[in-house]
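Next come two complexes built around chain A: one with chain B, the other with chain C.
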Partner chain A sequence: MLFNSYVFIALFLPLALAGFFASAKFGRRYAGAWLVAASLIFYSWWNPAFLPLLLASILMNYAMSELVARTGARPALQSALLAAAVGINLSALFYFKYYFEVVLFLANRFGLDAHADPVLLPLGISFFTFTQIGYLIDVKQGVAKDRGFLNYVLFVTFFPHLIAGPILHHREMMPQFAEKSTYRFSLANFTIGMTVFVLGLFKKTVLADPLGGAVTAGFAFPETLSFFDAWWVAIKYSLQLYFDFSGYSDMAIGLAFMFNVRFPLNFNSPFKSQNIIEYWQRWHMTLTRYLNLYLYNPMALAVVRWRSEHGYGTKRSDQKTAAGFLSMTALPTMLTMGLIGLWHGAGLQFLFFGLLHGFYLTFNHAMRTFRGNAKQAASGPAAAIKRVSNVAATYIAVVVGLVLFRSPSLDKALSMFEGMSGLRGFASSVSPTEIAWVLVLAVLIWGCPNVQQIMGKCAPALGKVEATVARIPLLWQANLRWACTVGILLTVSLMAMGGTSEFMYFQF
Partner chain B sequence: MSETEVMQQLNEIFRDLFELPELELTPGMSADDIDEWDSVNHVMLVVEIERQFKIKFHTAEVEEMKNVGDLVRLIVAKCEAK
Partner chain C sequence: MLVQDDIGKKPLLLYLAAILACVAVTLGAAWAYTATQGNRFLESGYSVWNAKHAMLRNCDLGEVAVFGDSRADSAVIPARFSRVATNLGFAGGTPIENYFFVKSLLACETRPRMLVLSFNPGAFEIVQPWLWDNAVRYGVLGWNEISQVRREAALLNDPSYAVVKPNIGIDGLFRDLAYSIRFPAIYFNSLVESRLALRAESNHEKFEQVIRARGYPSYGNGTRDAAVVEAADDTGFAPLPLQKRYFEMTVAMLDRAGIETYFLITPYSENGGHAQNRRYMDDYLALLRGVGAQYRHFHLMQDHVPLWPDAMFVDGQHLNEHGADVLSRQLNRCIEDGTVQAATRAGCELTWVDQAFVASNVKDRTRATQ
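Presenting the complex of A and B:
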C-alpha cells in the first residue's frame, strides 16, 4: 500500500489509528498486536507472496538474537552464531537483489554458461535486513537492553518505516514502544503528525511526480540530448528525487508521530550543503549513520588501532603522510562508498555512483587534512560569495553522481555524460514555463526553511535541527491560518494523486 | 578520575587533533558544532582517547560519542571499571 493512495489515507490509516488506541484500553499487548497486524496487511497489500519471507526473517533473526544473547559465556560459539545469522540475512538479500544480475553479467561478459530467472524484489528487503543485522550485532556486543519479542516485532514491522526507511536503530525505537504514553491518543501529536504528513504528501504528489515524465524519457534515450537538454534532465531528476524522498521521509515521520513515536531525522536540506562531507550528513541521514556504525567505524577503527599498536602514528601529522592518509582515510571511505553504491542495486552504474562519491569524499578529506583548517570570515560579501559557490559546486557534483544513480545502465549514463560535456552541441529545447517551474522549486529548496524548521519546537523527529534562521517566518502554529493552509495543501495533493506513483526508494 | 580532569585532558586531545588551539570544550558541544569533527576524525579521536586513557570502546559505543558530555561520562565510567 502506498502512503499516497486513497485506500491508505481514507481507510487504512484511520482504522489503524482507531484500532490502536481503542485496543490500548484493554492493555498494551493488544495495541501492539493490532499494530503488527495492520503493518502486515500494509505490507501484503502490494504482494502477499512476500509476507512469509518477512515473517520468516523476523522469526529467524529474533531466535538467533536470543541464542546470541545467551551464549555470552562461550565467545567462540557466540561469534559463530552471529556470523551464521548475518550470513543468512545477506544470502537472502543477495539472492533477491543481486543473483540474477550477477549471473547475467557473468554470462554476458565472460560467456559463462549459466542461466537464472529474474526474481521479483521483495518490498523493503534491504531495509528490514539492515535493521535486523544491526540488532544482532548490538545483542552480541551487549548493548541491546530491551529484548522483548513484541517490541522487537513492532520495531521491525511498524508500517511507517517498513518499506523505505528511515533505517531505525532499536535503541531509539524499542524504548518508545515500551513507554506507556505511546498508547494514549494525543490530539496535539496527531495534529502535528498530520501536518508533517500533508507537507510530505504535497512534496510527493505536487512537486515530485510531475517531473517524472520528462526525466524517464530523458534517461531512456540520452543519445540525442544536447548540452543544455542533458543538464536539464539531470537537474530535473535531482529535484524529483529530492522532493520524492524527502516527501516520503516527512510522511513517515508524520505517520509515526500520530502513533506518538518519534523517528530519526532522515533529511536536513541536503542541497544546502557546502561540501560533500556535509551532504552525506544531511542526505538519507539514517543510511549514513547505519553504515558509519556497522561498516565504516569498524574498518577505520581496525586500521587506526593496528597502526597505533604497531608503532605507526595515528596523529594528525601522520594523517598528512601519503601512507597515513591512504590507509586511515581513503581506503575505508572508498570501500564504504562502493558498498553504499551497491546497496542501491546490482548494476555497474551503482558501483560507479558509490565510487564517485567515495572519490568526492576522499578529495574533501584531503583538502581538510593537507590544507589545514581554512579560517574564513564569517560575514561580509566575500564570505557570502564563498558560501554560495561552495553550495553550487557541491550541488553540481551531486547532480553528476545522480546521473549514474538514475541511469538504467552504465552505457546510458556515459551517453548522458557525453551530452552534458557539450560533445553533442548546445541546441536547447527547454521551454520558459519549464524554467519558471524549476525556479519555483529552487526557491523552495534553497530559499525556504525545511519542514523540520517550520515545525520548530514541535518537530516530531529525533535529532537536532540546525536553526540557521533565528526567527523562521513560516513557523507552524496551531491556529486557523495553518489549519486552512494544510487543508488546502491536502486538497491539492489529493487531486494531484491520480493513478499510482511509487516512491523512488521502494526499488531499493 | 573526575569529570573535570577528564574534560581537561579531552580538551587537550581535541585542540591537538583538530588543530584548534583556542578550542574550549563544553559538555553541550557535539559533532555538529565543530566542522572538523567528521566521521574520519572521529575515529582518530576515539583511538587517541583509548591510547591516552588506556581504555577500549566497543564498536557499538563509538557512534554514541559524538557529544562531549556523553563522551566524558563514558570515559569516566570506563576508567572506573578498569
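Presenting the complex of A and C:
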C-alpha cells in the first residue's frame, strides 16, 4: 500500500489510528498488537506472498539477538552467532536483490553457463534487513537496552517507515514504544502530523510525479538527446527524486507523529549544500548515519588499528601525509560509498554512482585536509557569490551522479553523458511552460524553508534544523491562513492522485 | 515531551474544522466545474464522443448507422454514402459500450434501416480501461450501466472486468464508484494540460466538425511507413466471455427489432503483424460466423480479412482519409447495388483491387483542396 493512495488515506489510516487509540484503553499490549497487525496488512497489501519473509526475518533476528545477548560471557560464540545472523540477513538480501543480476552479468560478460530466473524483490527488504542488522550489532555491543519482543516487532514493522524508511535506530524508537504517553491520543500531535503529511503528499503527487513522464522517456532513449535536452532531463530527474523521496519521508514523519512517535529527520534541504560532505549530511540522512555507524566507522577504526599495530602514525598530522590520507580517509570512504551505490541496486551503474560520490567526498576531504578551511568572508557580496557558486557546483556534481543512479544501464548512462557533453549538438526542445514550472520548483527548493523548518518549534522529527528558523516568514501556526493552505494543498493532492498522464489515444 | 498539548484544544479544533471546510469548498468547486464544463478542459476525444453521443441522443442517425471501434471510426466517411449515414464508431470502443449505444438507438422513434457493426478481434479480447476513461469519464455511461457490466462479469465468472485499472490506478468497486460519481481526480491531468480552461475553442471546433461530418473525425492523412514489416504474431484469438456476451446481446437486440445488421471487417495494412496471423483471423471469423448462424438479421459482409496498402493507413490499424474515402465509396456501392445483401457469395469483399480508382480520387481531392 502506498501513502499516496485513496485506500490508504480514506480507509487504512483512519482505521489504524482509531483502532490504535481505542485498543490502548485496554492496555498498551493491545494497542501494540493492533499496530503490528495494521502494519502487516499495510505491508502485504500489494503482495501477501512477501509477508512470510518479513515474519521469518523478524523471528530469526529477534531469536538471534536474544542468543547474542545471552552469550556475552562467551565472546567467541557471541561473535560467531552475530556473524551467522548477519550472514543470513545478507544472504537473503543478496538472493532477492542481486542474485539474478549477478548471474546475468556473469553470463553476459564472461560467457559463463549459468542461469537464474528473475526474483520479485520483496518490498522494503533493504530497509528491514539493515534496521535489524544494526540492532544485532548493538545487542552484541551491549547498547540495546530495551529488548522486549512487542517493542522490537513494532520497531521493525511500524508501517510509516516499513517500505521506504527512514532507517530507524532502535535506541530512538524502542523507548518511544515503551513510553505511556505514546498510547494517549494527542490532538496537537495529530494535527501537526496531519499537516506534515499533507505537505509531503503535495510534494510527492503534485511536484514530483508530473515530472516522471519526461524523465522516463529521456532516460529510456538518451541517444536522442542533445546537450540542452540531456541536461534538462537530468535536472528534472534531480527535482523529481528530491520531491518524491523527501515528500515520502515527510509523509512518514507526519504519520508517525499522528501516533505520537517521532522519526529522525531524513532530508534537510540537501540541494542547499555547499559541498558534497554537507550534501550527504542532508540527503537521506538516516542512511548516511547508518552507514557511518556500522560501516565507515568500523572500517576507519580497523585501518587505524592496523596502522597502529604496524607502527604507522594515527594522529591528525599523520592524516596529512599521502599514505595516511589514502588509508585512513580515502579507503573507507570509497568502500563505504561503493557499498552505498550497490545498496541502491545491482547494476554496474549503481556501483559507479557510489564510487563517483566516493571520489567527490575524498576530494572534498582532501581539500579540507591539505588546504585547511579557506578563510570565509563573513558577509557581503563576495561571500554571497561564493556561497551561490558552491551550492551550484555541488548541485551540478549531484546531478551528474544522479544520471548514473537513474539510468537503466551503464551504457544508457554513458549515452546520457555523451548528450550532456554536447557531442550530439545543442538544439533544444524545451518549452517555455516547462521552464516556468521548473523555475517554480527551483524557488521552492532554494528560496523557501523546508517542511521541518516550516513546522519550527513543533519539531515533529528528531534532529535539528538550521538556527535561522525563527526568522523565516512561513512558520506554521494553527490559524485560518494555514488551515486554508493545507486544505487547498490536500484537495489538489487528492486530485493529483488520480493519475498524471492524459489519455493520448486521440492525439493523432 | 512528545505530547504537545500546549497549543490549546480550541485553536486546534478550529484549525481542523477550517481544513475540512476548505477541502469541502475547493473539492466541491472542482467537482462542479469538472462535471459541467468538460468542453473547456478535456482532450479532443471528448468532443468527438460528445458529438456522436449528441447525434445518438437526438436520434439523428439517418438510414445507415455504423457502430464499432476506432477502426470503424477512422474508416467510414458518411458523406460518401448516397443515403444519410452516421459514423458512431468510438475510439477504444468494444462490444460492451456499443451494447448501450445500440440500446439507446432502439429507443428512438425513427431508426436507421441498416446498421453496420465493426469490431477488430482485439476488441473481443480485453476490457479496455477506456470503458472508464472515455465512456464513464465523459458522462456517456453511468453507474447503472457499469453495474450491469459488473453483474454480467460475475455471472460469467469472467475476472477480466474487475482487474482493469484505468488512469486513476484503482480497480474493482472503488474504481466504478470514483468514475461514476465523476470524482474530480479523474480529470486532474486534463485540467493541468488545458491550464484549466484553454481548450474551449478547439473543442467547440472539433464538435462542430464531427457533427458536420456526421460522426467521422478524420485520423489525418499520415501514412504508415511501408518499410516497417511487422513479423506475424502467433498468439491465438481468445475472446473474453464478457465481450462475447455483450456482442451477442447487441445482435440479439437488433434481431428482435428487425434491423438488418451487417458486420464489416475493416482493412488491415498489408505489412502489419496481426493481419498475417492466419489462425487468429480464422478463429475471429469463426466467432462471427457462429453468431451469424443464430440470427436471421445479422450478416457477415466478408469471408476474409482485407489487406490494403500501407499508404492507406496512419498506423497499422487505422485508415487515413484516403483509405477511408476508398472504403466508404466501396461500401456505399455495395449498399446501393445490393451486393451487401449477398455478402460472402458475390461481392462486397472490399478487397484492394482498384488502385487506379484510388489514385484518381486522391488526385481529385488534392486538386479540390488546393
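Basically, the second predicted complex is superposed on the first by the 491 of 508 C-alpha atoms of A that agree within 3 Å, B and C clash if a C-alpha of one lies under 4 Å from a C-alpha of the other, contacts with A are read in each partner's own complex, and residues count from 1 in each chain.
Going forward, a contact is a pair of C-beta atoms (placed from the backbone, for glycine too) under 8 Å apart; a residue touches a chain by one contact, two chains touch by 3 or more.
What you see is a predicted model, and the numbers here were worked out from it, not measured in a lab.
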item: Partner chain in contact with A:498 - chain B first, chain C second, else both or neither; value: second
item: Contacts of A:316 with chain B and chain C, given as first, second, both or neither; value: first
item: First, second, both or neither for A:484, with chain B first and chain C second; value: second
item: First (chain B), second (chain C), both or neither touched by A:351; value: neither
item: First (chain B), second (chain C), both or neither touched by A:304; value: first
item: Which partner reaches more residues of chain A (counting touched residues only), chain B or chain C; value: C
item: Partner chain in contact with A:9 - chain B first, chain C second, else both or neither; value: neither
item: Parts of chain A lying in touch with chain C, wherever the complex brings them together; value: 5-7, 176, 179, 181-182, 184, 186-189, 191-192, 194, 210, 260-262, 458, 478-480, 482-484, 486-488, 490-492, 494-503, 505-508
item: Chain A partner contacts - residues on chain B that touch it in the complex; value: 16-20, 30, 32, 35-36, 38-40, 43-44, 46-48, 50-51, 58-63
item: Residue numbers on chain C that touch chain A, as the complex places them; value: 2-7, 9, 11-16, 18-23, 25-27, 30, 43-45, 48, 70, 91-92, 130, 133-134, 167-170, 174, 178, 183-193, 219-220, 222, 314, 318
item: Complex contact set, residues of chain A against chain B; value: 137-138, 141-143, 277, 281, 289, 292-294, 296-298, 300-301, 304-305, 308, 314-316, 319, 328-329, 333, 365, 368, 372-373, 464, 466
